[in-house]
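Chains: A, B and C, in written order; residue numbering restarts at 1 for each.
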Amino acid sequence: MIISPRLKAVLQVLTTLVVVVVYVPLLLVMVNSFNVDRTFGWPPRGLTFHWWNVAFHSSGARHALLVSLEVASLATLISLVLGTCGALALRRTRFFGRNTVSLLIILPIALPGIVTGIALNNAFRTMLGLQLGFLTVVVAHATFCIVTVFNNVQARVQRIGTSLEQASADLGAGPLRTFALVTFPMLRSALLAGGLLSFGLSFDEIVVTTFTAGSQTQTLPIWIFQNLFRPNQAPVVNVVAAVLVLVSAVPIYLAQRLSGDTVSGVTATP
Amino acid sequence: MTTRIRSIGALMGVAALALVAGCGTQGASSSGNSPQAGGFTPPAIPMQQSMGKTEGSVNILAWPGYAEDGSNDPKVDWVTPFEQQTGCQANVKYFGTSDEAVSLLKTGNYDVVSASGDASLRLIASGDVAPVNTSLIKDYNQIEPFLKDKAWNSVNGQMYGVPHGWGANLLMYRTDQVSPAPTSWGAVFDQSSSYKGKVTAYDSPIYIADAALYLMKTQPDLGIKNPYALDQTQLDAAVSLLKNQRTNISEYWSDYLKEVSAFKSGDSVIGTTWKVIQQVAASEKAPVKAILPTEGATGWSDTWMISAKAQHPNCAYAWMSYITEPKPQSEVAQYFGEAPANGQACKLTGAAFCKAYHTTDQAFANKIWYWTTPISQCLDGRTNTTCTNYGDWTQAWTEIKG
Amino acid sequence: MSPTDATAAPARTGRGSILARSSGLRTGLLLLPPMLWLGVAYLAALAALFVTSLWGQDDFTGAIVRVWTLHNYQDLVHIPVYRTIAFRTIGIAALVTVVDAVVAFPIALFMAKVASPRVRRLLVIAVLMPLWASYLVKAYAWRGMFSEGGLIDWAGKPFGLHSPGYGLVATTITLAYLWLPYMILPIFAGLERVPNSLFEASGDLGAGALTTIRRVVLPMAFPAVVAGSIFTFSLSLGDYIAVQIVGGASQLLGNVVYANVGSANNLPFASALATVPVVVMLVYLAAARRTGALDNL
């Protein structure tokens, strides 16, 4: 026996409690999306499907969703390339700068978002004279998404070792061919996991986005922020959030299945 | 190999810092442009001479309620008719305080802004707005004369904007939780402990003027003559009053809808407001009333100004022309709850409305202490002392909030 | 196996290329894109921000005056309110981290060691799904719960309890709620790596389950806890949005930075303020690296 039955029971109770507490606000969001009262008095006076109807016809929400999807996809793509490069580079060599490189990669996500936001805003606008817009958001997102891919790939390469690639080289394949035919297939699920996390990070990001999006680009979090308090739109925001939670179960479940084991599908560690 | 990587890293670091020191941040001015004795010289920005072809869109920075396009209330919409008339697609961005307006306009992404008196002079001085050619504004001659060529919207006789409307900051309270009905600002200052933890106040350093106004009437020996002209002692007195108020504050508001939601839920029961907030809250079934207390009030007199970097200048002039016509003026005035700048709007709002808001009453208009940026040179004319400036007020505001 | 083995093959088949032979060049080439990106997009931006903090600002026009000065930092140190706010923020971030660690550990332990594989999978999904509900919407839901007559008031009525209202307590609870998944996952991963045999060995040596956890598991899982804490600490240190939504009249460091960038137009002072969380996080990261937490992300 690993853990006594009594402790098991205690842990079970605590877990259930925590899961309940985690989901109460989300259920509240769901209930409020049906709430007749626009400012969410509790308990709700009545329920209606009206807001769901409005939400499906809301062009603002649809447009913002599209922009968010585009930004997240591009940022994920860039971070996949850069993160993989970084992880592959660091695996064999033990050079002095190794820790510095890891630190540098983790910095965008370890420093508070507002610092990253104002630094990038200042850099884009005044140093480089760029107009804030879609591209600046993508650049900003890619910068802090690199770390999720990097960690996943690094963990995976640590696990697979180098023997297969060396065998491939022994058999005469050049480094690019080895990468395409040997390394990449082994990294695929780690890339998927890292990519998924990176996508999620970019999709829900608000702080850095506020500073780098300018006035014309509206990602979904920005749309939500602008409509959160508006009496006519706040219930629509709740509908959007409810849909996001329900829909998110799919990619998470997929990541689990494709990665094989439970955790490396969603975290960095093997 | 390690040294190679190390040196690459060092090289990049040096290059980065060199780049940074060279470029760094622009928008620098060598001496600052604060008003000196007798006024200041605004930077020379060309004024548009004639109307050209409209550009198809316009980016508007507005106080909430000034540019309604039906998304808040389908019955409240004067932006769509503008778009249909001129072909200029309007993109409206709301801001909560004059500071936000200034900082947003500086990004260069907006064409036209509704600036209150505490933003307008700063924008003129920093060269962010251009002089306005009033001959291009359709109904400029219908605008009340006492709003033209004022200290906050013109320099040396040149108008820098088109007056929009004016009004006072009011005291709002929940009729079911506050009784007897308050008549004085004392309800949120000296007597704020009666509503422990449920008082609200405007989240901007300019609110210090409200405290100064109260002290002007209740502590005359402080010698405050103008709530925007405070020397250090007077500022300290105002700060101390506000620090006392802080212990009873539920929330500070700058987003007008946050105040609506706080009054609706009852987390705030009394505090400073704009008429539009009281009207929106009332339409949300919150039992609220707003009054003008006996001590008078601070207020705002707003001016539409055009950005010096406007990318759609013709649409911007089209908007300024449109919004000062009688019909839109009457719609804004009624929705927002303010006095319209165009007196002809009274024919559409009805005489009762205009009387309630003193639209043509110059004497009343002069009694409101409009938002003005405090500067070191005392605005009340004192020359024996220097007054605190907006930087000092901003600093003080952070200390008040704690 | 050394890199030189790889060079023997190309010579035999004529597929020699400089890439195959020099692993140093390979490393360098691979490192170049991310380092260039991070160096240019990020480090240079941070450096520029730091340089800005050494300049002044004309507080009437909002224009930045490029005159070197230390007075932003002097204000930061000498005016007491900024010290208060900085310490308050660090305190809240630490409290949020502790709350999250305490709440996350039992559930992570359950998921790692007690749950069946099917339940484990479901729980991982259950912990991850809230991450996709917008951060703003969750914070706003808590605003509704804390408000007068909201869910907490309604639930506490039979016990005579009231909602704490908007303020620092509400902020701490909301932040702890928002960052909980970021703490659960690394701890779960770390606990999964603790071999079951250690539990059994400890049991064989006479330790009860609680003692085993306290003296065997916790020290091994500690780096994972620290890894999770990096996120909760950093996210709380810079947060200004959740505070605005549920914090009432309180202000944290993020709010003051935001106010100075946005409203007050005082980028130099905001940059000086921003160096505080940067320094705190760098110190925290350096300490975390010692515990081996960075390998646990």
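Going forward, contacts are C-beta pairs under 8 Å (C-beta built on N, C-alpha and C of every residue); 3 or more make two chains touch, one makes a residue touch a chain.
Please read these numbers as outputs of a predicted model, since none were measured by experiment.
Note: the chain lying farthest from chain C is B, by mean C-alpha position. No other pair of chains has as many C-beta pairs in contact as A-C. Averaged C-alpha coordinates put the centre of chain A at 14 Å from the centre of chain C. Rounded to whole angstrom, the centroid-to-centroid distance between chain B and chain C, based on C-alpha atoms, equals 37 Å. Note: centroid distance chain A to chain B, computed from Cα atoms, is 38 Å.
Touching two or more other chains at once are residues 1, 5, 9, 19-20, 23-27, 265 of chain B. Residues of chain C in contact with at least two other chains: 24, 27-28, 31, 35, 39, 43-44, 48, 52, 149-150, 261, 267.
The residues of chain A that reach two or more other chains are 41, 93, 95, 122, 127, listed in rising order. Chain B meets chain A in the complex at residues 1-2, 5-6, 9, 19-20, 23-27, 59, 71-73, 91, 93, 104, 107, 109-110, 255, 257-258, 260-261, 264-265, 280, 284.
For chain A in complex with chain C, the touching residues are 1-4, 6-8, 10-12, 14-15, 18-19, 21-26, 28-29, 32, 40-43, 81-83, 85-86, 88-90, 92-93, 95, 99, 101-116, 118-123, 127, 139-140, 142-143, 146-147, 150-151, 162-163, 166, 169-176, 200, 203-204, 206-207, 220-221, 224-225, 228, 234, 237-238, 240-242, 244-245, 247-249, 252-253, 256, 262-263, 266-269. Partner chain B is touched in their complex by these residues of chain C: 24, 27-28, 31, 35-36, 39-40, 43-44, 47-48, 51-52, 55, 58-66, 75, 79, 81-82, 84-85, 147-150, 165-166, 248-251, 256, 259, 261-267. Every residue of chain A that touches chain B in the complex is listed here, in rising order: 38-39, 41, 93, 95-97, 100, 122, 125-127, 129, 132, 214-216, 229-233. Contact residues of chain C toward chain A in the complex are 1, 3, 5-6, 9-10, 12-13, 15, 17, 19-20, 23-24, 26-28, 30-31, 33-35, 37-39, 41-46, 48-49, 52, 103, 106-107, 109-111, 113-114, 117, 120-121, 123-138, 140-142, 144-145, 149-151, 154, 177, 180, 185-186, 188-190, 192-193, 196, 199-200, 203, 208-210, 230-231, 234-235, 237-241, 254, 257-258, 261, 267, 270-271, 274, 277-278, 281, 285, 289, 294, 296-297.
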